[in-house]
Each structure stands twice: as structure tokens, then as C-alpha cells.
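In the part that follows, the structures are each spelled out as C-alpha cells.
Paired with subunit B in one complex and with subunit C in the other, subunit A is shared by the two complexes that follow.
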Partner chain A sequence: MSEEYRQMWTDLGLDLEAHDALLEALGKGYQDIYLSQENRPQGMQYFDFVMSEVHGLRVKELIDAQKQGRKVIGSFCVFVPEELILAIDGISVGLCTGAEFGFAEAEKVLPRNTCALIKSAFGFGMTKVCPYMEASDMIVGENTCDGKKKSYEVFKDVVKDLYVMDIPQMKSDSGKELLRSEYLKFKEKLEQLSGRRITVDDLRKGIETVNAKRRAVHRISELRNADPVPISGMDALLINQVYFYDDPQRFTESVNKIADELEERIKEKKGVSAEKTPRILISGCPMAVPNWKLPWIIETNNAAIVGEESCVGERGTRFLTDSEGSTVDDLMDNIVDRYFNIDCAIFTPNQSRTEHILEMYDKYRADGVIHYSLQFCQPYQIESGPVESTLEDKGIPVMRIETDYSQEDAGQLRTRVEAFVERLKG
Partner chain B sequence: MRSAGIDVGSRTVKLAVVENGKAVISRKSENSFNPLEICGEMLDGIDYDVLTATGYGRHLLGDRLSCDIISEIKAFAIGARELLPSCRTIVDIGGQDIKAISLDENGRVIKFEMNDKCSAGTGRSLEIMAMALGSRLDDFDSLALTAEKTEKISSLCTVFAESEVISLVSRGAKREDVALGIHQAIVNRLMGMLRRINVREDVLFAGGVAYNKCIRDLLQKSSGADLHVPDDPQIIGALGCAIYGMKD
Partner chain C sequence: MSEEYRQMWTDLGLDLEAHDALLEALGKGYQDIYLSQENRPQGMQYFDFVMSEVHGLRVKELIDAQKQGRKVIGSFCVFVPEELILAIDGISVGLCTGAEFGFAEAEKVLPRNTCALIKSAFGFGMTKVCPYMEASDMIVGENTCDGKKKSYEVFKDVVKDLYVMDIPQMKSDSGKELLRSEYLKFKEKLEQLSGRRITVDDLRKGIETVNAKRRAVHRISELRNADPVPISGMDALLINQVYFYDDPQRFTESVNKIADELEERIKEKKGVSAEKTPRILISGCPMAVPNWKLPWIIETNNAAIVGEESCVGERGTRFLTDSEGSTVDDLMDNIVDRYFNIDCAIFTPNQSRTEHILEMYDKYRADGVIHYSLQFCQPYQIESGPVESTLEDKGIPVMRIETDYSQEDAGQLRTRVEAFVERLKG
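After this line comes the complex of A and B, so read on.
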């Protein structure tokens, strides 16, 4: 895709040389990891196309939209309500945080023992290789974990127009009030940025668009309870990753098409792996593009991933937002209600997350759970202990993994995953 | 039927051949930068019907030879039960791995802990520490056993522990006391893993580091469990592979 977009990348201020290196690594990774899979649903071709144009066509679409006065809002977290962004006719994009790129630069301003996701955001920003970051009219940070909260203080000098939103840490009445006031402020900020006032129809339309996207993803999730599984965990993860930056309508249509195809596959008993392949549920930290290391190790070890309890997965998409209401305030309440349910590990206590893991374990007929934490991500690392013991008390096999974006531990991870899969086979 | 098992470890390659349920051959060789060549040499002239591989080089071998592959965890579980049928816990310290494996009464793996990319507490870290104290690895345990007190090594990281050792020595700490501190630090790291899997007796101690008398003593004391150390603690994985191959 390189040649035709070079001018666009130059205009965005990207470092072309570094960006070429990134695209080459990404392309090769995708080839080795994704295109080598067998029995993929036809519909995944759309996502192959999206990935091949990830820094090309989609970025061009954003820039074309900006020329028509639309705003592009970049963010890092499922707590940033897309409904509001769509209500100003804006475009919501998830920013690059999934690769070990520019870490040396990032470590100039961050401690080495910062989680890979945060370091990656800085790495992409500081080395000027993320077109989404450069194209954003505003970037939204959110005070979730301490790592992100504190690093946004430094990040404001890396990108232009960083807007930071506070996020509660307890599911209390006052916690909810905080979220409500933060969302109201965010709404005002968006209105100011776009110069348009959000009407009840705008907001309802935003809600319906996002709900449609979520419903499409729910269809895929539910079809993954079939044995043999009709779609790989790798492909399902990719869908969840692309969720964050594709055009919502087009995404929804493409995902629904895949869901139709999967329904046919299930009727024909056609799967990506053989029947009775050990089924694994992944739970833990988000996996942003192109962080495919662990799923790839799992699925090249004769196991199938049947669900991801993750922000890039069911934790992020499972709830719909109620679209009923006659005023903007009503709909804002619905949005607050919806997002306040998210059981991110920054909340204390966070029992509902464990309950959701158990629910997914049953629903997708998993045989075992792999808990995935990024190194130095205290909320998920600490929570993995109680999660593990609760699951083990119920006789569910669990393995906890702590890793980062490097490939150094791939051998050890492979050994551990193999042993875990052997254990599931009995 | 003759079943061969090969454990391609980071430091040592181990081979075991089982016939009619009895181990007939066991061989070991130091590994090199060319593990395939070493495996080839070891298998040279060996007559077998099936081959099963484990260890960090298992996939390399699996790609070249027709053989089954099982993880070290499974290989150790099978091998340990062969030598000690009542075994419920396996502790293994190899060249670059530490493992703690918990088995149910039927020998199935219930839970295991393993180091990730960090080499703290492995045989390799012991080797580096021995070197820092000017001792040969083989004599390192004897040196530690002559200590009068333990110089506490607080860091588990091989790199940091090495600089800690150097600063202790330069402060006039006795070499043998530092050596004992290093052994204790390794056992502490192991105990962290053992606590997570719950130690049940009987406990089998495997891997090259099981030859180290000081580690054995300290581990026995810390865990409160009787340790069973097989005559050849390094062969467990290869033996497990060979037994596994007998199955079909």
C-alpha cells in the first residue's frame, strides 16, 4: 500500500523511515500469524483487507471526513463513550498500543517498569509512526490505572490536544455521580470542538449505531459455543480489535455477514479445528493490534480459544446502551448506566468480573481458563490471584501468565501452554 | 518394543531407552549451539521403535525426525511416577528452567508453576554465581556447606544478584557465607513456587541442580518434606518420554 499514501503520511508528519519498518514488521507478522491459519471463514477476507490498509485507506477516510468538517477522536479505553463521539458526527478511533515499537524513546520519559501497553502508546507517539494519533483532532486519556493516569501527565507533551477524563474506582453512588459528571463534561467538550449541540436524535442515533456494532459481535461470540468452533480465537480477536477503528456501519455489516457464514458452518459441522479440541477462555488485560503472541501460541498448540474476557473482547462489548428516553438527559443517564457496569480491574471490589468469567466459562463450554496479565499491570496481576482461587475452588483448570510484547519468552510460554493443554486433554 | 525418549535441555541432552518396561540405556551429553548435531550423535547406533522428545529443543527435533513431542511438565510427571509411584510433587531445577509440579493420586498434573523469561534461581544462575566467587560449579555446594552464617542475598535476579555478590565480597564478607546466601536465595525462589502449588508428599527432586547437596538440605528444611532424589536426577524427563512412547 506504500506508494499511494506516502504524501498523506508526510503531511501527517510521520517519520517515513520508521513507519516503513513498522509496516514491514506488521505485514510479515500478519502473514505468518493470520494468513497461515487454515479453514478460515470467507468473510475474514474483509478483515484481511482492513489490516492490509490499516495505515492506508482507513486513514485516508479519516482525513477525507475531516475535510468535510467531521472530527476524529482518538482514545485508549472502553470507558470513552463512542455514542457521544458519533452524536457530534465524529469518528472514534482506538490508538496504537499493541507493539514493542519505540520503547527506547518511551523509556526516556517513562520508567522501564511501565506496562507494555503504556510504553507502546508513548513509543508510537514519540517516534511518529501512528497515523491515527497524528490525525486525531483530540485524544482522550482516562484515569483508569495509576500507570495511565500518571503517564498522561507526560503524554500531554507528546501529542496535541490531550483531554483527560476522570474515572471512578468504586461502584458506589458517588462513583456513579463522578462518571456522570465526567461524561457531561466530555459531551460539552465534544460540542465545543465540533461546534454543534447534541440533540436527542443525534444521541439516539449514536447509541443505535454502537449497539448494532455490539450486537453483531455478540452474534459471533454466541456462535463460538459450537463444537467444532466455527472461527478461530485469533480471528475473533482480530474482529474485536478492528471494532475500535473501522467505520461502524461497514464493520457491523461485515461482522453480520461472518455470523451468517458461521451459522452455515455450524450446520455443516465445519470448524477451524477438529471436534473435541481443548477449549480455552482467555481472561485479563486487553490485547491491542498487533499483540497476537499468546493467542497464536495457544492456537498453534492444538487448542481453540472460545472467548476473551477482555476490554478487546466481551468486557468491552457485552452491554448495550438503552436507547429509550425522550431527552438528552435521559439518554446520558442510559450511557452512564451502561458504562458503569464495565468490570475493569481498576474497580474495587470487582467481584462481578469473576462472575462474568464463570458465566463465559459455562456459556462457551470452555475446558480451562488462561489468565493473561501484562507485566507491571498491577490491577490485573493482583486480581489474578483471587480469580484463580475462585475458579480452582470450582474445579476449573486455570493458568496465570504474565508477559509483555517482546518475543523473548515465547519458548517458555509455549512450554507452559503445551503443558496446560495436555492437562486439559487429561 | 523399544521406546526412546530424549530431553533436549538448555545445558544437557538426556536420552533414555525403555524395553519391556525396563530402562536399558541412559545417556547424557552437554548441549551446544547445535542441539540437532548433539541429538544425532546421541541417537547414533541406538535401536528404537518409537521416539518421543521433550525439552526446550523438542520442536526443533520434532521438525526433523519422526517423533512425538510432549511438554517437559508431562514428561517429568510420567518419569517421576515411574521412579517413585507415590510421587505427588516434583521440583525440578534445570539449566534454564525451574518447575514445581503437583500431581493427583493417579499421577495427573493438577497444577504447575514455571519461571518465565527470568533465569533467577536456575542452574545457570548458580553457575554464574559460582564463577563470581571463583568456585567450580561442582565444588560450589561444598563451599557453601562450610559456611558459619548466611550472607543474605536479597535480589533474585541473576544480574543483580551477581553485583550484590561482588559488593558483599568487596565489603569483606566470607566467600563461603556468600555462597550459602546464594543457595538460600535459590531455595527461597523455589519455595515461592512450591507454596503456590501446595507441597504434598512424596516429593521428588529432579534436574541437574538436585546433585547440589546444599540446595537439597536447604530445600528439605524449608519445605519440611522428605526429598527423594533419584540416582540420576537429570534423566527424569527423558525417561518420562520413553515411558510415554510405550503407551501405544
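After this line comes the complex of A and C, so read on.
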């Protein structure tokens, strides 16, 4: 990395030594896991570049934007509406939560029985190695699970300017009113932060920009129903991960380019794996960069991942926000309607998630489902029981996996995945 | 137990063999733990009787009441307003959640990483040994923690007539509106179940009955600030536990009788332990019958428990409900106001709980605080960190204990408690 970046990281207050170690591990992991894949679409070169510059060029862009008065808003969850952030000409970035880094620090202030995603956020924050966290003008937390809700009370002492948004637990009228009221408060907070009042045009533009991103990833998703699959699940996951911090327009263009390429590949019957490779749908907890453990184990086991029912995947991106409306209030209503549909396991009951899994299973012609929970993630772990029963009742092969960010169980997971893939072939 | 009860249990569908085993263990535990205490107030004989008849006479009373058309409502949480249940002439009972029973069954449908309280409810329900659960006309769940919220989705297949009430997560205006709306729905549900419309007089009477119970336990609490303490923490906990299923009037009278007796004891300087015995405040998760492990370890270690900052304790009973108001709506507002004040760790932020711990620490002249969390109870576990820091900053000795319902860690706990008590003496 250039000297320019080192100065930037120093200015951000990063711990350079720890950060170097992180970048080295990340680079090596990417090399081993991503660059070793065969038959990748050419368009993935853009994402290889993004990943090689993930703590460099993109962070510099954020800082340059800040110099022009734009605000950077960091967040952890698909319930934070990017449309509103774009409406103040802000930049939305997903924060670092995907690596086992600084866990010893995190466990000084959190119970060990906390999920890896939360410990990771604390680890990055406490050891000062996430440039996105340090560069954010405001960090937005949300009351989704107990783990996040309660740990934000501690996190407020780790980062500056933490804003916490409440989220309902039921899809009732009062639940929706609560969400509306929280989104209105968030809009005010953003207006106050930016000194800029959101107009109907700002908001519509924000909605259209995010919808365009979503449409682009929908194109990729739909093309994955081809056999052979034109893109690996690993690469599709990476696109879904980069979704959270790349420049939206550039991201949309790059993804559409890949979609064009995949259409060509499908015509040519060109895939990343052979025809009739067992097809797996992953469902469950989000996988943030660089949490590639399970997909990598699956796809190096002669199986192809054809969809992610996940926040970093179709659960997060499937719905568009209606851009019709003549007032800011109209558009705010559309935003509330859109986000209230997300079927995160924090909701009870959450039947529509199971329906969506079944829908994806059919649409992407999957042969089986792997349910992925982070250890100590109670919402997804508990919900995995009824999900499994419903799927099994329909004769769909399911395997439930519970893991964390360590590599300790990799061998055991590999054995289990291998057996599951064999079962799908049979 | 009499043959009459065996017939009743059979009629309720209990598994008699498992139920016999439970009663035997419970009876033996009570004998060893409770009846071995010295210098107990005479009035505790009533509670000894209640405990000896816990699955007998009280259950018969419920069934007799049902024969007269009254409804029995079972619940798990202090957010379920007993005032409303009494207003339909119903009977409110806390359900069995305090024993390690049927855990193997529970773990077939729940993750092992679920707290003992939830597993216990499932264990009792799945093995059919809780007569209260089987006798209930309706069981009320509530969206407090993730564990309960999500496991009710599974529990609906274990018990009949499960009704789930939503609970807010923040003390915001929208949070309060959500609670109001849920309490109004619950009132309607109760009216529908009983075929009886709640009048202002019904509701006021319900409020006054519950307030009288609360005032009676407040008297006991206040008398525990004496040195020597006139009643053990074990016995005070038992009173708080029986609070949830005894007949309210009879309970209030019995508790007031004990309070009268304690006043006499204090005049005579008569206590359950010597003067200057180290005084401990317990704070944290609720302890349901027969979860007496930690208090028993503390009080057989030459320390006296002087207060319980717990749902089964002062957090659950401290606030009265205002009975002033000329309409049902007025009184419903009072109920919402009252319950919205409860400082359960499911709320964020929850600063008032720490303030209450400090207040109790002073009021009951405690020497130290033991924070008690159930394993995998994320809200209390995470909150215990900031609670500990705040207390330590004020020079208050604190020990954090995380445990479950098994006896496996009893030896280790005893050693830790012993060291803590030594520290308080020093």
C-alpha cells in the first residue's frame, strides 16, 4: 500500500501495526479463497480490485467526500435505510464485523456467549483497525437482537457518535408505527447532521439509486438458476458484501456488466462448475467480509451455492422501494412499507421467511438447503428448528450448521458438508 | 398426597410417574433447604403449607374455580398485568420455570444455548408435569428477550391456547404506545375469553387487590433493613415466589401477618442470623420455584440476603398502580404507566435499573452486591458489565455469577461466595 494510505490511516487514528497484520491476513485469505477459483466471470476483476483497495482507495474516497462536506454514515444492519442517507448526499457504509479480530479485547466488555459478529464489531472498534468505523461521522446501531441491542450500551464508549434506532419485534400496526416514528427521527437526525433539509426530489433520487443497486443484484440472482451456474456462490456473496460499502452508481454499473456477461455465459452453457453439480441454497445469518468459511467449504466440496437467503443476500435486497409519491411524507411511507417487509428472525412470528426459503429453493432449482447460524445468535438458531421441520415435511434435504469465525471447526464442517453433498447426489 | 389429587392430576393429563418424581425431589429439596433454617418467623408456616400443597390444594382451588366459570391465566413474566386478569374475575398463575426437568426433551426443539428458565418451561410442558400449565385456560407469552420471543413460536405446539403479547424495547413515546395497544388487545382477549366486559369498578378492584399484595411485600422488604435481619433472604424469596400463584387476598393477609411478626422481632432485636452478619443484595435474573441454589449457598455461608433486585422481588413489585380514574380508559392508562416503568434488562438504555440497585443497596444497608445471570441470558449478562463498573466506581463490592439450574457448579459457587463474604467482612 502506498505511503499516502499510511498517512491517511495514521490520521484516522488506526493502530498501524495491528492494521498491517489484518490486511496481510485478509490479502492472503482472498488470494487462497477467491483467486484460486476457476472459470470466474471477467467482470469479477472489478471486485478483486475493490477488495485489494478495501482499506485504501475507498476509504480515501470517503475522506475526500468529507472534505467536500459530505457525511459518512456507518451501520451494521439492513434496517438502516440507505435511501435517507443518500438523500442528504451522504455515504452509507457497512462496518467491519466479519473477522475474528480483537476478540480478546471484546471479551473484556462482553460475555463470551456473544455472537462472533458483535464481538468482531467490538474487536475492530477497540483495537482501532476498521478505517470505516474511524471515518464515520455517525454510526447507527439498531435494536434487532438482544445481543446488539444491549451491546450498543457498551459500544457507545468504544466509538464516537453512536446513534441507536429502535426496531419493532412484531408485524403489527403498532410495530409499523414504531418503525415509522424511528425512521422519521432518523431523517431528522440526518438533516441535523448535514444541515440540509431533505426534499422530495432528494429522497426520490435516493430511492432510485438504491433500487438500481437492488435491480442489478436481482439480475445476478436470477441468472443463477441456470445449470451450469454461471457464477460461483463465493463471487455472488462477494457482490452482496461489496454492496454495503462501494459507491452505489459504480457498483450498479459493475454488477450490470457482470450480469451481461453471465447472460452470454448461459447462452454458451459455460459455468463455474459442471452441469448437474449439486445445488445448495444457504439460509440464515449474514456473512460480512471476510466471513467466507462456509461458502468456501461448500464450493470446494463439489457443490454450487445458488442463493443466499440472508441479509447479505436476497433478504436484504429483494424488495424495491416505491418511488412514486408527491411529498416527502409519501416517500417516507414507501420506505417504511419496504423495510417493514424484511423477514429477519428478530420478528415473531416470521412465517414469511420460511415461505421465501421455499420460493428461492424452487426458483434457483436448489437440491438442498444449508441453514447457517452464528453461535449464540438466538433468533436464527431458534428459528432454524421450525424452518428445518417445514422443509423436511416437503422432502427438502436440510442441514443445520452452527459456527463462528474461527477455523477450528473447519475440518468437521468439511466432513459434514461432504456427507450432505453426497446425500444430494444420491 | 391424597387419592383425590391423583385423580385430579390424571384428569389434567399429567404424567403421574414423572410428576411423582418431581414432587419427591421438590419435597426433599424443600426439607433440606428451607426446613433446616433456624429462627424462622412463625408466619412462614403458612408458606411451608403452601409449598407442601403446591401441586395439590392450590391446583384443586383453580379447578373448583373453573367449575364456577372462572378462568385461569398462566404466564411467565411481570409484564402480564394481573389487574386485568382479576378484573374478569380470573386467576393469574405463574407457570413452572424453576427446575431442571425435561431438559433432554426441551433440547430436541430448542438450541442447547437457551437459558434454563426457558428450557424449564418447555421441559415441564413437554413432559406434562406442571399442573398449572395444564389447568390454564390461556397461557400468555410476551416478547421480552429473544430467547422467549422466538421460543414461543415453538411453544405454541407444546401447550394449548398460547397468546403472545408484544413488549417494547425502548422507553420512547412509540414504545409506550405499543405497550398501550398490546394491553388493550389483551383486555379484549380476556373479555372475549370470559364473556364479561370489564367495568371501571372491576378494574379498580383488580388494581386495589394487586396493590394490596404489593404493599404487603413492601412491608417485608422495608423491615429487612434491620440488623440483625428478621427474616432470611431464602424466606423472603419464597414469599416473592408464592406471590405469583397464591390466592391474592389470602397471600396479602399471610404476608401482613409475617410483617407484624417481624416488627415485633425487630423490637426484640431477634434475627435469623447474628448482628453484623455481612449483608448481600442480589440483583439480576428472576428465580422461580424451586431455584434456590444461589440464595441457599449465600445464606449457608454466613451472609444474609437483604434484598432481591429481580422480577421475583422488588423489580416486579415496587410500583403500585394508580387506582384513581373515572373510566376504564383512565385506569388502563394507569396500568400502562405502571408497567412501562419496570426496568427489565430487555430495555435499552436501562439506566434506572442501576439507580434502583444503588437505592436498594443504601436502603437495605447492604455490604455488597451479587449479580446473578442465567447462562445464555444475553440481556442481563451484557448489562451486568456496566452495572458492575458503576457499582465499583462507587466503591461497592460486586461479584458477577453466571449459572444455570444444575448442581454441577455448586461447589465452585460456594467457594466464590465464601471468598466474597470474607471480602465483605474485611
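What we mean here is this: the second predicted complex is superposed on the first by the 423 of 426 C-alpha atoms of A that agree within 3 Å, B and C clash if a C-alpha of one lies under 4 Å from a C-alpha of the other, contacts with A are read in each partner's own complex, and residues count from 1 in each chain.
Note that a residue touches a chain if its C-beta (ideal position, glycine included) is under 8 Å from a C-beta of that chain, and two chains touch if they have at least 3 such contacts.
Here the structure is a predicted model, which means the values were calculated and not measured.
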Residue contacts on subunit A - larger count, subunit B or subunit C: C
Touched partner set for A:G13, first subunit B, second subunit C, both or neither: neither
Contacts of A:T403 with subunit B and subunit C, given as first, second, both or neither: first
Partner chain in contact with A:G411 - subunit B first, subunit C second, else both or neither: first
Which superposed partner A:G69 touches (first subunit B, second subunit C, both, neither): neither
Contacts of A:A419 with subunit B and subunit C, given as first, second, both or neither: first
Touching both subunit C and subunit B, counted on subunit A across the two superposed complexes: 402
Residue numbers on subunit B that touch subunit A, as the complex places them: 56, 59, 70-74, 97, 108-112, 114-117
Touching residues (chain side subunit C, partner subunit A) in the complex: 109-111, 113-114, 143, 145-147, 149-154, 164, 166-170, 172-175, 177-178, 181-182, 345-346, 348-350, 375-376, 378-379, 381-383, 385-386, 402
Subunit B-facing residues of subunit A, complex: 392, 402-403, 406, 408-409, 411-416, 418-419, 422-423, 426
